[in-house]
Amino acid sequence: MPVPEQPTATRWIVELDKVSKSFGDTHVLRELCLNVAPGEKLAIIGPSGSGKTTILRVLMTLETIDSGTITVGGEPLWHMPHRGQLVPANEKHLRKMRGQLGMVFQHFNLFPHMNVLDNITEAPIHVQGLAKGEAQERARQLLAMVGLAEKVDAYPAHLSGGQKQRVAIARACAMRPKVMLFDEVTAALDPELVGEVLSVLRQLAEETDMTMLIVTHEMRFAREVADRVLFFDQGQIREEGPPEKIFTNPDHERTREFLKAVLEH
Amino acid sequence: MVWDWAFVWEILPDLLRGLRITVQATLLGTALALVVGLVLALLRRSGIRAVSMAAGAFVEFVRSTPLLVQLLFAFFAQPILGVRLSALVTGIIVLGLHYATYTSEVYRAGIEGIPRGQWEAARALNLPPRRTWTGVVLPQAIPPVVPALTNYFIAMYKDTPLLLAIGVGEVLLTARVIGSATFRFLEPITMVGVLFFLVSYPSALLLRRLEARFARSG
Amino acid sequence: MDLTQISVFLPRLLEGAWITVQVTAFAAVLGLVMAMISGLGRLSERRVVRGVAGTYIEIFRGTSVLVQLFWFVFALPLVGFALGRPWSRWLDLNLLTAAVLALGLNIGSYGGEVVRGAVQAVDKGQTEAAIALNLTPTHRIRRIIFPQALVAMLPPFGNLLIELLKGSALVSVIALSDLLFVAQQIRARTGETTLVFSLVLVIYFVIAYTVTLGMRRLERRAATGLETGRQRTLMRAG
């Protein structure tokens, strides 16, 4: 399994070491090894059901792992030090670790009973302890960034899919995570709404040094925005490399097949 | 010692005799409710406005007023109507009619759950109305709602003690009679609770399994 | 049927109706509290809490409400008597308290299942978004899950409230002076069966209809802004 070339002095911001995960009889992740550098924009592509989403979900602690270790910001995620030994992490440790991560979901998952402003300020106020005024100021800035400044008081039910997703991105960014996870964020959108969301993602990639892990089917977007592309298939990384390499001259047959099928419609 | 087991064994035969009446009332009442409920559901779908509105009004009114009031009314109104039914028969009829309003709603949901295409296919094949109902609609409407109907069976079982208000010797009245005679209420009433629980809890579990099975195949 | 008697019967009946309303209201409050405790208890991560909540729900749902009423009125004082002071005093409940306890605990067990079902029916994505934003579990339940579950609870709660109103008529059997008890007294004294019972049925219907209208208003208020698909027909049928 080729490891990307990086100077050894850099600390990886996310490390997966021989991570395995099964759902019943299905092995979704097989001894996965992956390292992500700080500030890297990583695109993950591959066939449905290959386990791409699961990588993000185990990082965000939405699923447990069966074996292996995950390290975020130099510290283990699912284990914690206790009297000189590593034991399974408790909720307190998980909460500390989660503070470094953020996630945007395919189905937005906005809180329907709160308006846009409250959706974005909820976590900063109650988790980070920000004062209401400060949190609202931050929220307004983020809304302006995603182009929805005037929707401050609207309820999610009155927004289009693309608008909802942009609010979801603002909500996740409000927590200022070091690593942001994007789980097929345009897959549930009507085609004409995809562009507005992708342009926000592009903006984030170009203007921030946030580490971004983007699972996507949007090949052209991945090619333009990513520093590195991972082709994921049947629980393992089949191939990885810079976008020009993967999209124009992949090494593996499987990668070629997949790209052919996807780009041909 | 608060609880006397010897006393429990002593009164058990009497309680079981009362339970027999309870079970009788439940079975016959349910049978009545199942039949009348279907009739009510069909009447509510009648083309004749007066009929459907009358049936609807009956259902709404009976559902919104207490069973106990209806029971006592039926019992005391008999001399006026010149009828003299036994308390048990009166109780069964009232239980049956009261629960028929609930079952009619369940039947309605089942009938309305049938895709429009079924009706249209029957019309296209020129099936007479009676055959449409018996051959096409009802065989599809009823199986999915069997769990809900069973639910009301269990509910009626738990409502039979109300019959004691018109003097039916079901199990709770038996317990109260024993209590009044011996001044020991704890054992009789608790045992009645146990007897009810022993029937309704397993039935509820069975019902949940039935629901899961119908949910899967439906 | 002597219709002039209505003006004589009605005041007395309305006095009884007031007792009915009070019993229903108090039992509803107790029932609501028990529903929340037992419904959320059933979803607890701790097995003991789940067990206790589950036992309460199964026992009160699985036995007849009239049996429970009799138990609180006739059997509980005897338990207190056998246990001596201070239990003999505490457990010798007056009729109203026993009635409210029995009806409230009974309806609370049905309510508990409604609460549990509604909380479980909230979209899993909401929980995941809350986790991703690092909200504490308590905060998640309180501010995100529960407000959404509450909207789904209202229609079944409305049905249960009507059931409670109908169940309150049972207190006449233990000689509490509710609407039905008063009606029985008047009927026994005057023999005007049809008139008295018709009035009683109408009064119950009016109270029930008022409650239904009130609940519908509450449901509409609670659903503002939410895209809730309400399965009204199915809930009223079941």
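Per-chain numbering from 1; labels A, B and C assigned in written order.
Here is the rule we go by: a residue touches a chain if its C-beta (ideal position, glycine included) is under 8 Å from a C-beta of that chain, and two chains touch if they have at least 3 such contacts.
This is a predicted model, so every value here is computed, not measured.
Taken together, the touching pairs link the chains end to end in a line with two free ends. Among the chains, the centre nearest to the mean of all shown protein C-alpha atoms is found for C. The greatest number of inter-chain C-beta pairs in contact is found between B-C.
Chain centres here are Cα averages; for chain A and chain B they lie 56 Å apart. Chain centres here are Cα averages; for chain A and chain C they lie 47 Å apart.
Chain B and chain C have CA centres that are 21 Å apart.
With touch defined as above, chain B holds no residue shared between interfaces to two or more other chains.
Of all residues in chain A, those touching chain C in their complex are 60-62, 91, 95, 98-99, 101-103, 105, 107-113, 115, 122-123, 126-127, 155, 157, 171-172, 175.
Those residues of chain C lying in contact with chain B across their complex are 58-59, 61-68, 70-71, 74-75, 78-79, 82-83, 162, 165-170, 172-173, 180, 183-184, 187, 193-194, 197, 200-201, 204-205, 208-209, 212, 233-234, 236-238. The residues of chain B lying in touch with chain C in their complex are 1-2, 61, 64-70, 72-73, 76-77, 80, 105-106, 108-109, 112, 148, 151, 158-162, 164-165, 172, 175-176, 179, 184-186, 189-190, 192-193, 196-197, 200-201, 204.
In the complex of the two chains, the chain C residues touching chain A come out as 123, 125-126, 128-129, 131-137, 139, 143-144, 147-148, 151, 225-227.
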